[in-house]
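Following are the structures in question.
Shared chain: chain A. Partners: chain B in the first complex, chain C in the second.
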Partner chain A sequence: MATQARSAGERKVRRSRLLPRSVLVVGALVAAAISAFPVVGGTDSYVLQLIGKFLCFSIFALSVDLIWGFTGILSLGQAVYFGIGAYTIALSMKLNYTIENSTRYGGTIPDFMVWNGLTEVPGFMEPLLSTPIAIALALAIPTLLAFIFGVITFKRHIYGVYCAVITLAEALILEQFLIEYQAYTGGFNGVTDYGNTRTAQFLWFLVVLTALCFFGARLLTHSRIGTVLKSVRDNDVRAEFMGYNVANYRIFVFCVSAFLAALAGALYAAWVGIISPGDTGPRFSIEAVIWTAVGGRATLIGPFIGTFLVRGLEFLLSGSWLANYWQFFMGALFILVVLVMRDGIVGTLLNWYRARRRGAPAEIREEQDRLEKDRQHDWRPSSEPGSRNDPV
Partner chain B sequence: MIWNQFALQILNGLGVAAILVIATSGLAIIFGVAGVINMAHGTFIMVGAYTAAVVNKLGGDMFMAMPLAFVVVALLGLAVERGVIRWIYDRPLETLLATWGVAIILEVAARLIFGPLGLKVDWPDLLDGNIKLFARPPHYPYYRVFHIVLAAAIMGLTFYLLYKTNFGLKVRAVRRNRAISGCMGVDTAKIDMLIFMYGSGLAGVAGAVLAPIKAATFDMGFTYAVSSYMVIVLGGVGNLLGIPVGAFLIGEGETLLAFRYNTVIGQLLVFVAIVIAIRVFPRGIFGYHERR
Partner chain C sequence: MALLEVKGLTTRVSGFTILDNLDFAVDEHELRVLLGPNGAGKTTLISLITGQYKPTSGRIVFDGRDITGRAPDEIFLAGISRKFQVPNMYETLSVYDNVMVSLQSARRVFRYMLKRVTREDDDRIWEILEFVELADRAGEPADTLSHGERQWLELAMLIASRPKLLLLDEPTTGMTEQGKQKTAQLIQRIARSHTVLLVEHDMHIVRQLAKKVTVLHQGQVLAEGSLDEVVDNETVRAVYLGKGHA
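Entry: the complex of A and B
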């Protein structure tokens, strides 16, 4: 495309912006993890467990941000991919755990299978006994599912409200499916008691993986593909006229996002050591959207900050008398973010920061103007004036 | 004998379809005219159910609760429209999120006020009993007949309102072309508001009618709401016929598949069928065909 047309100065500005902010975030994450070690002592501490959990949730929120913030696809069923990744890993760990530490029922099959009258591990679950295969499946199945879903819907120009509603139903059905087939999934209680990976090394692994996901997303959104994705978000009809195959770009980013969600789910299941159908349901999906919206969509730091802030607050308040009213606060926060602070915390701060740096050198100003022009576009897909008739 | 069972299942499916029509009509009308998917629709149904429960406790029956639920939930809808949705009509995706916020608040409020356990609502005496279709026991209960009659009545009333009154003419004009209707002197914001009230009121009636089937619980609405979204996706909102047709296909499909396999498989298969169907009809069977 127009790479040559871009002035050398502008390119320099871009490159200089790539580093500081991401380094800052990754540095902050690492610092948070490091400072947590001496404060709370051992790896069994609850706060440390929370930090690992929040890191997984951040990756999940990042996956929502990629499709919603950068491409304008609102999925209310993102937890489907999170949940499938998580269940695959949890079942795999459970099968291996019961072989190593035989249950009080004496057998080598998981307790919920005993309760439901199974005498041996069903054949289709046997691949899960091998950890590498389980990890591969946990990441591949959701991505494949997202690909199929994307081909069916995006190729037929189904997006926006319709896509949101269909993904919502998808999540609800998966949740009920997991509850119904309790012989294989543990039913309403989910998969429990399969050990966990709560060690200091694994927390570092989580930190590194989160940073890697962040860098990957940074590379994606700042590449040529990322620019096309943003143009699809702002005006898909125009992007189509420019010669881009909008549907393929949507499918691509949907798959990437499903992959990230599955990764988050797999890490979550391994770290926490318990997984229940609620973690695949519509409510959890929408919660991830809330984190992203509060932190700031279309920014990469937003999901991280939103996750840590909302979940952290929830944790702090859950012990106090405010616990009953926490949900009120959540709902009000959500309405407030949509009505008043559309760009979330990070976006609002960024806007303020940009407005303050008016006196910057010419090339930076040029870049700022371009970004601001981007922001002024409405988030909704294009429509003719007054044609709210067919909301897409 | 198997044919008797089969016929009974088809009739049961008809009853389920009627429930879907009752639950969906309000949502579909709002979506069709104002372009807003109301994620709080399920909680509006829940509020209607609690209204019925309160009326029941005070000694009234379901028939008294229905008009009252209509008024209560229509006023609630008015508050939500004026307070929240009015500002974000031009951002359909964000109305989803804002109304979800409303839903969370209402759900917690209901749980705090009425407690986490459900409130039982009695059937009116009139609806106790069965129609004896066959000589042997699985009979067809009166309340299913009542649902079918009510669904037909709601569709008839809405049809009358939209196609036979002056108000309906304006609604259809706004639905066709908002800008031109505004130029012709139609107060489009007021039409949106009134339609939102009417749709919310229908959700309230749905809640009052559905409360006796199960109990009124704070999270009862969500499942109904998701089924309603599916009816809209399948049926489309270009035409009033989309609601009964979508509801009939989904209701019969789910009931018959649940009879053959089980409930979850039924839902799953119907969902897959819907996803395949929207490849053929991207805007639903009775979708509004725009000029692209």
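Entry: the complex of A and C
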């Protein structure tokens, strides 16, 4: 079929490597800086707690980026999966904590259960007494839930705005549920006073897990199946008419994303030592969407940068004389990003770099259209219209 | 035996009959051109064959299998690839990746997950890109292509999927004369090894390509035969070709 064979040298398509050296170097530096912090700043510092939190949040933002940036599913209820993971771990830690450190009522069951008239740990919570089982459940339940949700919505061709609204409702329901069933969840106050894992070693652990998550996400998005996901994002109709069961691909990536969100939630609950219904609600879900948008969706480093930037700014502003106004600044930043840098900070920089290397897409297209018009101008029919001459 | 057979196909949308008990067949290794005025049901027929819509009644048999009412992805896997009227590709993906995701392969998520682009895949992609003369643009995102190039890219994607039947819905719309000529040549070369069903308005192109023509009118087959036969047909001239042609 080919007219002439192309030599191997000409056949190069510039592909980013699975792990570019620059990413490795920068990543290693960031990881080293974060890990070195406890040594420099001491293990008790507030900044240390913040960094651990931000690492969890950046995994969470990554989970949003996988579905939104790479597959085009906007979920406004991603905190559901974060929250379930977090609550599972928090409850498990709380149950174990109260056995060793009895509450001020002298009991060995969590205080909020006592307030609500429970006398012993309910049967369905007993598995949580074992930490490995709790960890497994914290990751498995959200993934399973995401699967069920995916089957219900994506199989019925519900996506886009409708999907966003349904996920939003999902987050509202869970938040209300947690407040309502306070005997089991601690209600509005959430789960508190169960210790935490705030040590230098655990920070290391967080750094390693974050790195693994980003590496795993890069494996996924830069593989052949990642290209299929992007093709679903770009044009789901074409993908469907190309034989892809689009719903199944959406369900798949939704489950992966829920798994990451659950992992982020579990780590967060363990690290911070407090969890409340707000961490499962729509507000928190939308925040994660904002981090991703600011950093740059459809890039992997974007969610990481967005999280640290937005949460870092929030920390700095809320502590300064601007304390009363910082939320206005955050709102303004988001509007600015959406209006001026639709691809976020990383995306805009990348676009600028690529445009410098080969001209902007719009320019290329204009040039191509002009060339085509020129050719049309030069073109002379080789045969009279209507003749039967075979042009080949 | 016919590769594609449409039997008694009827579609009604809110009381309006678009296809009316249509019988139609395409043989293997045929290049069939579908003609008809606007609203004759050409695109509807293609949408029904590819599973975008479901017929009110009637059967569609492809390659000995009844594919009536199946989902688009299943029908694709049975061997029917469709080119849309408007260029339809993955805009942010590179030209190379557009062809790559269209390659024939297992489509199930977990089978696909471990797939890599092998040497043979790579060779095939370049072969196809050279065939449509887009190899020079392989690394660029598809949205930098001009309108004509997009049409050719979509043709490339169809070939990559190794279909048994290609449905091309007006592949030359909006093209320059030169572009139309190139498209006609591509289709002619594709038709040497594939069965093609082509919807085309441009009589110049139809003359070059068509061996056998089917004319649709108000959801029914009005005439079928060689282009000359069809053009000489009085009814066809009355409803479609008008005074300017023939």
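Heads up, the rule we're going with is that the second predicted complex is superposed on the first by the 323 of 392 C-alpha atoms of A that agree within 3 Å, B and C clash if a C-alpha of one lies under 4 Å from a C-alpha of the other, contacts with A are read in each partner's own complex, and residues count from 1 in each chain.
We take it that contacts are C-beta pairs under 8 Å (C-beta built on N, C-alpha and C of every residue); 3 or more make two chains touch, one makes a residue touch a chain.
The model shown is predicted, which means the values in this text are computed figures rather than measured ones.
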For this session: Look at A:V228 in the shared chain and tell me whether it touches chain B only, chain C only, both, or neither; answer first, second, both or neither.
Result: second
Exercise. In the superposed arrangement, does A:V161 touch chain B (first), chain C (second), both or neither?
Worked result: first
Exercise. Between chain B (first) and chain C (second), which, if any, makes contact with A:Y244: first, second, both or neither?
Worked result: second
For this session: Once the structures are superposed on A, label A:N324 by its partner contacts, choosing first (chain B), second (chain C), both or neither.
Result: first
Exercise. Taking the superposition as given, does A:E170 touch the first partner, chain B, the second, chain C, both, or neither?
Worked result: first
Exercise. A:A332 contacts which: chain B (first), chain C (second), both, neither?
Worked result: first
For this session: Kindly list the residues of chain A that each of chain B and chain C touches, one partner per complex.
Result: 379, 385-388, 390-392
Exercise. Residues of chain B touching chain A in their complex?
Worked result: 31, 34-37, 84, 87-94, 96-98, 100-105, 107-109, 112, 175-180, 182, 222-223, 226, 229-230, 232-233, 262-264, 267-268, 271, 274-276, 278-279, 282-283, 288, 290
For this session: Report the residues of chain A in contact with chain C in the complex, numbered from low to high.
Result: 1-4, 6, 10-14, 223-225, 227-228, 230-231, 233-235, 237-246, 248-249, 252, 358, 361, 364-365, 368-369, 371-373, 375-376, 379, 381, 385-388, 390-392
For this session: Show which residues of chain A lie in contact with chain B when the two form their complex.
Result: 72, 74, 76, 149, 152-153, 156-158, 160-162, 164-166, 168-170, 172-173, 176-177, 180-181, 282, 286, 289-290, 293, 324-325, 327-328, 330-335, 338-339, 342, 378-380, 385-392
For this session: Could you pull out which chain C residues touch chain A in their complex?
Result: 50, 52, 71-73, 76-77, 81-82, 84, 88-94, 96-98, 100-102, 107-109, 112-113, 115-117, 122, 126-128, 130-131, 135, 138-141, 143-149, 157, 161, 176-179, 181, 184-185, 188-189, 203-204, 207-208
